[in-house]
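Order of writing sets the chain letters: A, B, C and D. Residues in each chain are counted from 1.
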Amino acid sequence: MNPETTVTSDQSSRNVILLLSCPDRAGLVYRISNFVYQCGGNILDLDEHVDPVEKIFFVRILWSPESDSTPLSELEEAFRPLATEFDAEWKIRFTGLKTRIAIFVSRYDHCLLEILWRNSIGEFAVDIPLIISNHNDLAPLAAHYGIPFHVFPLNSANKETIECQEVALLEDNAIDTIVLARYMQILSPRFVKSYQSRIINIHHSFLPAFVGSSPYRQAYERGVKIIGATSHYVTEELDQGPIIAQDIIRVSHKDSLDDLVRKGRDLERLVLAKALRFHAEHRILVNGKKTVVFD
Amino acid sequence: MNPETTVTSDQSSRNVILLLSCPDRAGLVYRISNFVYQCGGNILDLDEHVDPVEKIFFVRILWSPESDSTPLSELEEAFRPLATEFDAEWKIRFTGLKTRIAIFVSRYDHCLLEILWRNSIGEFAVDIPLIISNHNDLAPLAAHYGIPFHVFPLNSANKETIECQEVALLEDNAIDTIVLARYMQILSPRFVKSYQSRIINIHHSFLPAFVGSSPYRQAYERGVKIIGATSHYVTEELDQGPIIAQDIIRVSHKDSLDDLVRKGRDLERLVLAKALRFHAEHRILVNGKKTVVFD
Amino acid sequence: MNPETTVTSDQSSRNVILLLSCPDRAGLVYRISNFVYQCGGNILDLDEHVDPVEKIFFVRILWSPESDSTPLSELEEAFRPLATEFDAEWKIRFTGLKTRIAIFVSRYDHCLLEILWRNSIGEFAVDIPLIISNHNDLAPLAAHYGIPFHVFPLNSANKETIECQEVALLEDNAIDTIVLARYMQILSPRFVKSYQSRIINIHHSFLPAFVGSSPYRQAYERGVKIIGATSHYVTEELDQGPIIAQDIIRVSHKDSLDDLVRKGRDLERLVLAKALRFHAEHRILVNGKKTVVFD
Amino acid sequence: MNPETTVTSDQSSRNVILLLSCPDRAGLVYRISNFVYQCGGNILDLDEHVDPVEKIFFVRILWSPESDSTPLSELEEAFRPLATEFDAEWKIRFTGLKTRIAIFVSRYDHCLLEILWRNSIGEFAVDIPLIISNHNDLAPLAAHYGIPFHVFPLNSANKETIECQEVALLEDNAIDTIVLARYMQILSPRFVKSYQSRIINIHHSFLPAFVGSSPYRQAYERGVKIIGATSHYVTEELDQGPIIAQDIIRVSHKDSLDDLVRKGRDLERLVLAKALRFHAEHRILVNGKKTVVFD
């Protein structure tokens, strides 16, 4: 079983997504669209980008297949020779299959509520089998949405042990992607490495401004006229991962530090939700320290 | 000679643009990218969209050709059978060839200055052989940028005659596209028809709000908290043409009508410039009363 | 008892707000600030505006009083002679007293959730004694936040009777302000009149564009590049009341009607929340068909 | 003669502006508005702010005086005792008097053109007696607007000498404020000190992100999704001065470094123009490392 996806009941409008990057060369669109055509697919959406400096080709194709009954493994098998020839990184997904995510939280509820609510009205293509926290505070919110809530009382002494337990839980639940919804702990490099380009964080500043802790306080003291929030993939370097989405809001001398926190909350939840939607819809390709987002 | 374009000296980095729309069907991307591949081209950028309601296919492809010496007519000839088979509206252009535009103005200088200045620093792929006005006021500005300035003192009695003279001048100069840079006259239906989807207007409101005259006064009296500007192709119905670009700015109770005019000026020139850039780079396809803008 | 307010436990940081409008004349700021000074107050924030066309003076003053124990009625009594002399509309409020609001909803949950959640974390200075709906759907959400939920199954035949029952319920609960959180019914003129400048609605378009029903469909069909949401006070004319807050988001040819609805939801809840916050903090004065918002 | 201002012909609508900051205490608004009232003035606009952390009071008052013939020195004399009592920093200005500014430029024309054009249509309350540059390139633009253009061929060896000549020229022309319109040289600490809070710079990034040189390249390499521009007062520490205005624009993976430069140009000129307007209208008070902007 592919750890990223789970079968949903709605197979009726199942489309196919290919997400691929490889060294650029002539004929790539032709060869890949030919593959789709030979499979009997009709392309509904195609986004293509060539990095003019690095000479890398990026593409996302969405097509409606001739038949809904072809299994994913068969499609992958058919495409593999082309991918090998192009030296590509790639994946194929069905739109009817949902990405399985785990949400990590601490005490703030706004980002968690945002994701759970959006998912409840069908905005995201995700399943949320579990929430992990280092505090009990948000258990009632998880319960309201019927999601199992696991508390791991982390401290400096037990970090390694706890992370092992968390990884075991993630693997048992076939979790593909982790969302840090204002999780106030730093993951170990080993943990990060196991989920490369699959951990999404929200940082409450306009990166690269105000890296690290207390960005609202830093912004308040610097006297900026605009504050921001940034969602990015987590890498081993703190707040340095590839940026997925950013947004901003105006502030003025009238805004206290509390006002910045209040205004920032709205940014944080919207930006994190946007990044998660892009990720769950397979719209993001990582390009070194940057992202290509086909929105 | 194609009336839209003029040869520039820089042929070194000449790329090819195809802009096409046709009824949707399977295999379109494959067939068109195959054409590019057979010509020896390498696709640098491809944007594709299918209107899911109308089932219309839209595409813009930018490619670097194998050879810089193939004439446009030969490329067009080679592509024609495919276009005919697809029942397509289409054009092929070279990036090294500039769209020839005429600017119509009355008394306000901000939109004219914006276009002339941007063109002077190479932001646009346009040539501006002439400016037409119903007043003398902006002649010095045109002179500073070295553009011929023609005054046609329009009134209700001579409108038909004047328009004939204007059209003759436009044809003599092989003008492809007309930009109404706050031109305070309404063009006749016949005139509009001759330049379908080739007359770009700037309306100083967030359309469809505040159609017609004095939109800032209307906005002031309604007490809106945001004002806008809209650039659109001109059709026979006033302010109803397909929208190309829009932008907005916040206003408050502190802003007088003069402040709205001042803030709106910045919107008008930026929005009009954006629309002209999209048009000159062949990024716009008209879809009935709407546009597809591949930005 | 003043129907607008209820005593909260936190009296420690109780400040005083004066909101006033009157015909402009020399000496108003001096006379009013003198009143504050004579009371022993220290002004923390003062916003003043004069409508240069209508010659009306608007002011909001926030001050910390010398003593926390002076009752509101005593302050009002002391200020009344000045207000009468100025022919002013005015109110004085304590920051420690919360506006009592009722929320009207139909089936969409996003605006209701937004208000209940923000109130739960202390963003608003409101008490919410009850929610009224013409459907059962949102009862569980109300229950989660512990707010009484009243269903009135409205139809064209029983409208007058139902409204009488609703008004009785509102009066029993000393409700000051009504929030229409995507309530899909039109209130009768008589109802509207009883709560003048105290009913806040959210309309899902950038007013005055797309008045009436299905604004997202109207926007989709017009092909706009930006959509909006507008919060306003309800008057007898549909969607014509004084605008409190507006916001916008960009859309493109890629966005389906469903995408507009999804993007619009985020606008609606943020704009309505903003308008409610301004109202609850006594930051809004109505100026004919417009508002003065001291934000 | 006051070096900041010069008499204009339009005395008809001359209003008075007081800009003041001092340690906060009770009665300040009352005492100051009483002063205005005693002078026979009618307050048209009053903005007040108290820094709740530093306990500093800031105010800007605009009033129409009883008589247009009272000289500035007399008003200043009358107000001085109050200012002394409050230990205030303050200035009084007439709206009919224009701030005298010098513009420093290098080779980019966009910021210079923006200021000269806006001034030509009366947007700014400034006089521009001279432009200083370390290159000849922009002399024709200065000539078109009829402004004397002085070239000082600066290099590492002659910096001190050149700055002395520049200061002499500034003093001869009674220059109050210096605008660095993409001036690519760093002013000496001594120079900066002489024009404290009177040198306005535009930095082409969203400060504090991307301090120093090549901010667009830094932004491109970091892969941000939004770029910005920041206007600030120059202090001895590079790019650390109090921020006056900021704005941003969205970018994506499609944008090359050249696109960032192009998009950024629009930000730079609008943000610098906004900052200069605030400054010229006496709307800015410096609060340590921050600004209070009464917009």
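Methods note: contacts are C-beta pairs under 8 Å (C-beta built on N, C-alpha and C of every residue); 3 or more make two chains touch, one makes a residue touch a chain.
Note that this is a predicted model, so its numbers are computed, not measured.
Contacts with chain A and chain D are shared by B, C.
Between chain B and chain D, the least number of touch steps comes to 1. The interface holding more C-beta pairs in contact, when B-C is weighed against C-D, is B-C.
Residues touching across the chain A and chain B pair largely coincide in numbering: over half of the numbers involved belong to both copies. Spacing of chain C relative to chain D, judged by their CA centroids, is 38 angstrom.
One simple way to say how far apart two chains are is to compare their mean CA positions; for chain B and chain C this gives 43 Å. In chain B, 45, 49, 52, 254 are the positions where the chain touches two or more neighbouring chains simultaneously.
Taken chain by chain, the contacts link every pair, so each chain touches all the others.
Chain D contributes residues 49, 51-52, 58, 206-210, 221-226, 228, 242-248, 252-254, 256, 287, 289-293, 295 to its touches with chain A in the complex. Contact residues of chain B toward chain A in the complex are 24-30, 33-34, 36-37, 40-50, 52. Of all the residues in chain C, the ones that touch chain A in their complex are 45, 109-110, 113, 117, 121, 123, 144, 254, 262, 266, 270.
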